[in-house]
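Two complexes come next, and they have one chain in common, chain A, joined by chain B in the first and chain C in the second.
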Partner chain A sequence: MHIDRAQVIRDPWFAVGLGIAVGFGLVSLLGPALAPYDPWSMAFSPISQPTGEHWLGVNDGGQDIFSELLYAIRNTAAFGLLSGLASLFLGIALGLTSGWYGGVVDAVIMRVADVLLAVPAIMILILTAALFRPEPWVLALILSALMWPTVGKTLRAQTLSLKGSLHVRAAAQMGGGGGYILRRHLLPEMFPLYLIGFAAKARMAMFMEASLAFLGLFDPSRKSLGMMINYALQFYYLDVWWNWLLPPVLCLSLLIMGVTFLAVGLEKVLDPRLRADTGGRTWA
Partner chain B sequence: MGLRVDNLTVVYRDGDHGVLALDDVSLALVPGRCLALVGESGSGKTTLGKACMGLLPRNAGIGGRILLDGRPLDPEDEAAMNRVRWSSISMVFQSGAANLNPVHRVLDQVAEPLIQQGGVDRSGARERAAGALEAVGLERVLHARYPHQLSGGQAQRVLLAMAGILDPDVILLDEPTSALDAASKAFVARAIQGMKAAGKAVLLISHDLEFALHQADDMSVIYLGQVVETLPASELLSNPRHPYTLALGRSYPAMDTARDLGGIRGDAFYRIVHRHGRDDGGVAPHSHIQVPGSSHRDGHAPPTGCLFQNRCTQAVPACSHGEIAMEEADGHRVRCLRGGIVRLLRMEGVSKRYDAVQALDGVDLQVQAGEVLSLVGETGSGKTTLALTAAGVLRPDAGTRAFDGADMDGWIRRDYRSLARRIGVIYQNPAEAVSHRFTVFDAVAEPLRIHGLAEGRGDLEERVKRRLGDVHLSTDRAFLERYPHELNMGAIQRVCMARALILEPSLLVADEPTSSLDPSVQAKVMKLLLHLQAEMGLSLLFVTHDIGLARKISDRIAVMMAGRIVEIGPASLLLRSPRHPYTRLLLESAAGRLPEAPPAREGTGDRDPGCAFAPRCSRRTGDCLTRVPLLAGHGPRRAACHAPLPEG
Partner chain C sequence: MREARTPLGGVRVGTVVSFAAAALLMVYLSYAIPLLLPGDFVTSMYAGSQVTLTAEQEAELRAYYTRDSGFFAYLGRWVSLDWGYSYAFLTPVSDLFLEALPWTLLLMGTAHILSMAGGFLAGVEAAWRSGGRAERGMVGGMTFLEGVPEISTGVILLFVFALQLNWFPAVGAETAYAGVSGLSRFVNVLHHLALPLATLTLAYLPGNFLLARNSMILVLRASYVETARAKGLPPRRVRYAHAARNALLPLVTRFGLRLAFMVTGALVIERIYSYPGLGTLLFNAIQARDLPVIQAVVLASSVLVLGAILALECLYRVIDPRIAHAH
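Let's turn to the complex of A and B:
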């Protein structure tokens, strides 16, 4: 899997995805600084239309919707990032271990993965959130523990194929131990798969976070795109959909689309079946 | 009877030091046999001849004994020597005409020993001299000529006639063919056969290995004044036991050897004897081996031990200590601490099965230190499996493997890394053997990194660059940072070579390293590989389906068929007269001729008992179908066939 960096960056899917992701990343990082008001302050007149002071108006609780939106994006993105990274970490650790050592280790890890794949993640999360009311980051980690199997299985398959490749066998012949080969040959070799795995899991986690928030399973004072949508829907009849409902829906969609585009762009470059031209080194 | 030399030591004194020309040389000349003394120039061959004749210069100090017909000779007793010279022992000196007196006619010179010692009168002597000259093929018109009027070959014949004129029992020939053409050589050869038939003891001093090997019965190989091996002449090329003998044979362009000239790595030591303050003028009690380019005063020259250690392919630290004595080994007498050429790798009864295919079926194989052994055979004959088993990469189902005298399987379990350091592998597909995420530098540095052998970045870089230089690749920064897919196949394979050699292994296993290269690149890569093989003194196990290539590079060839070795032997013999019909088939196919045997049928799975070649073999007998032939034969040549082809 050799990546031509210039080719990846020129890919339109990747470029658009990267643009969106960077935009949201900046918003998340700078959110508190950009927000014109404190999103928890109920100092304004409730359910106002957008004005020069309140770009997206004010909600039913007298809070500035634009400020709320910035904080919500920050929370949702952080949840996705944490959950994506944790899934990826688990997937790498368990997938490589499984593929490299094989045998009993492989059998155990893969059976656990099969079980997790069969369990509906959303149900576990709803139950956990409703029963234990954990902090959001705990939920993110629980989600990762449920999501890693797909990443793990991909990496295991790749490890198995790399294990048989000549340069890995050559390194083993030269006396390179498991640790050395994992570090120098396998980990760097699968770098593109990490990006794909991360993107897929982060996307799923963000959607999950919005769903849970929509269902009201988080602390009600925590800003979230899902919760904003929920509240906005309650006042749908007041003709506030375009300034209150639409922004969080659009942001959520764009966030998920951005990360998806990134993944599609990478996959297109790496998976020969998605390449328009499979001959030679010119990518689609 | 004949001539015996016991522990002869000769030192040429020069001021306060001396040069040790002969050191503890013992040999015996037996009537009716010819002993050849071979070695590089400067090894002391001529000194030995002159010592026997009592003709050493005054500054020579002599130790040991020379016995002529059981009676000791005193080379310094001029009168006694005069009595035996020409009548009992004679010598044909090197470089023909220069040894003849330019102011006398050749007839008179040949007649002179008769007059001086034989007590024959002048005319009788002339008559007999004329007869002797005619016997060596010189017509009467030439007899009255002066030496400068003769050609080199004619002068050599005069010397031969002169040496035999008094019918001595012992004849020493010093480089009798060094300046002769092939036809004149044949004449000298016939003369030597005549002397042997007449019951004379002949010493042939020569650096012409092929001539010596055909004329002599026994052979002594001399290196820096020491005899390192005495062996039957016929085994010089096919079964040497001392690493120097192997290297010497490989350096000589014999007609039979197909392999390209190998050369011997490094330079010879000098041997200097120092008096160290003794003023009695005698030979000092110890000698120093001196490395070329250093002086004794540098003080870092190894003081003792084997003279060949710095050029040897199997030297161990113990080789630089003490005196190394001659010892018996396989019917040879060898001066080697390790008992002659070491079997670096020894595999016995090695079998390996992949599901339905018996890839290896009870294979015995030995790889000697410093040799190039090729495995040839069709695809699927088990060559690669055998090579990878030899490298310790694959584990056989049955059989034992020993590397450098130690059990290999135990070694792998105990400490694979230390074994891995001693075995390098070059693969068939160089592009896949290097991770595409590694730069050239990373690839070559990999073994050093795995074993943590480099001391810091500077050392790592220097060693990588040195190895890249060895394989004639660029060492500039831009090249070091290239990726394998940016290089051509030949260059990647050379990167792989540098990687396999950077730890200076003792065994290099190369699995079809050039089959993905075009012929011109292959030639370049192979030349480099063989040069490095010789320079680093490593053993090369070379897998190839290309017999033509194997012919050019191998000391020995093993032919594989259906998981077995069916024939093994010195490359020259095996290629000239194959004994197994399958080898003949391969040779015929390789030469582009249509072989008489029908092509193999693929995919028959488990075979019937018996020889795998039997269904295709024209020499098949009943046994061939029922009983597997085992490797049999004498000496280094073995074939596994119930009805082998005659030795030719």
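Let's turn to the complex of A and C:
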């Protein structure tokens, strides 16, 4: 599968997405260093407007909103990365296995994928979160166990079409075993699809994290963009819109836009034959 | 295309079986997960209370609550809408659920129909003008919109149209105690519906648009479209009667795949506008730790989603006769 690097980098969507992602990446990494105050410190006068000392003001609990925001971005981004990576790995492992070995293995994996596609992931997450209050990374992994099927199905379809290609047949002819061919030929060849799959899943995971936090399903002391929106919305009648509610809303939008644009940019330059195979969309 | 269709619409029995499996899985999870909780119901209910139980009373209570806790008994009670009582409202959970359900159906159903129709028409028109400035502008705008999550659209629309401009109400599904009926009630409900509906429609529109456009572009390359044009048919007839029918197919299949995910947005939107549907019911139940309600809403809405996807599978067969004849 050929992908033209120069063409990817020239694509405006990809460039904008990359810029946003790099920006948020830096903010997430440097977050604790950049934060002027401890986001859990309740030492300031509640619900005050932005000043030189508190750039975004102070929330109802007397906490500095700007510091809160930096930690929240970090948490939301980390959740998205972890869940995106885990579902990508599951999708690769199960999709390639299913496509390469076929038969019963394929039938079983694809049936499971069908079942998972139809189950609303948010419902299982709500049930788990409400009953057990697990650590966020546990929820991220549960989510990835539920959302690998779209990646898995795309990769399976691609494996099937690569299976008959000349170089794979040649490798098999020369005595290459299944594991060897999967690792050396199929795995690297589908690299562009991994990037798209990862961006799509990370996007979905960040959206889920924000929604779960917004619904109040995480530990209340864990900073998150969704939770900040939820708390700020309860004071909608006060003058909190510009300094308290809008910053997390904008950050969440930008974060999700960044990964969406990355996926869109990559998809546009992908081999057109593949696009024809998947009805024009390689991710849902 | 061919690859994607086989597992989806190929084997009817297989599909029904996997959906039944998914539904059973959900029921089983909602039965098994609470059992995995540390401690048991009696301990957790009485641990923090003033009542001190003797060992005898405790054993009695425990026997009472574990009386018919087999999975099939649970399933039976569940099917007969016997979902227990809400801790917070002390009313049957099924009453609360059935009260909230119509509002969610109204909101989500209308949003899906609007975004599907709008996205399809816009996508077909955009693909027809492929390469032109209008098409590029539309694709750009829709891609941008796809990046904006429902939470953000909801909060921004609420701020601008409900709190600043005061054009629409910010809360609820109709004016409480207004005592209106007939047409004025209908108008009142629509007035309350407008903002949440606009938010969800905006959220669902880009996906439908981009999908319709992409598949329409592929369809327009087909030779039968060429033939239709060569016959000198009017462009609109070529577009809709010949090409667009086939561009509709991926839209319907993908809809089923996305529905399970799109429920998330609806939950959040209802909470933002305090719309009295299942999302708000679930939100309040989570706040109050009202476990029977959480369990019932989660389970019943999952089963409803499964049912909707299954219904779509059948619809798919109707609009694409090739599938029905292929087996």
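Here is the rule we use: the second predicted complex is superposed on the first by the 271 of 284 C-alpha atoms of A that agree within 3 Å, B and C clash if a C-alpha of one lies under 4 Å from a C-alpha of the other, contacts with A are read in each partner's own complex, and residues count from 1 in each chain.
Operating definition for what follows: a residue touches a chain if its C-beta (ideal position, glycine included) is under 8 Å from a C-beta of that chain, and two chains touch if they have at least 3 such contacts.
Everything numeric here is computed off the predicted structure, so don't read it as measured data.
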Joint occupancy of chain A by chain B and chain C, clash or fit: fit
C-alpha centroid angle, chain C to chain B via chain A, nearest 10°: 110
Which of chain B and chain C A:Gly176 touches, first, second, both or neither: first
Which of chain B and chain C A:Leu166 touches, first, second, both or neither: first
Chain B versus chain C as contact partner of A:Glu189, first or second or both or neither: first
Which partner, chain B or chain C, touches more chain A residues: C
Touching partner for A:Gln49 - first (chain B), second (chain C), both, neither: neither
Per-pair minimum CA distance [chain C against chain B, superposed on A] in Å: 18
Touching residues on chain C, where the partner in the complex is chain A: 1, 3-4, 7, 14-15, 18-19, 21-22, 25-26, 29-30, 33-34, 36-37, 143-144, 146-149, 151-152, 155-156, 158-159, 163, 170, 207, 210-211, 213-215, 217-218, 250, 253-254, 256-258, 260-261, 263-265, 267-268, 271-272, 282-283, 286-287, 289, 291, 294-295, 298-299, 301-302, 305-306, 309
Chain A contact footprint on chain B (complex, rising order): 391-393, 416-417, 419-421, 423, 425, 427, 429, 432-438, 446-447, 449-451, 485, 499
Parts of chain A lying in touch with chain B, wherever the complex brings them together: 2, 165-171, 173-177, 180, 184-185, 188-189
Complex interface listing, chain A residues touching chain C: 13, 110-111, 113-124, 126-128, 130-132, 150, 153, 157, 160, 204, 207-208, 210-211, 214-217, 226, 229, 233, 236, 241, 245, 249-250, 252-253, 256-258, 260-261, 264, 275-281, 284
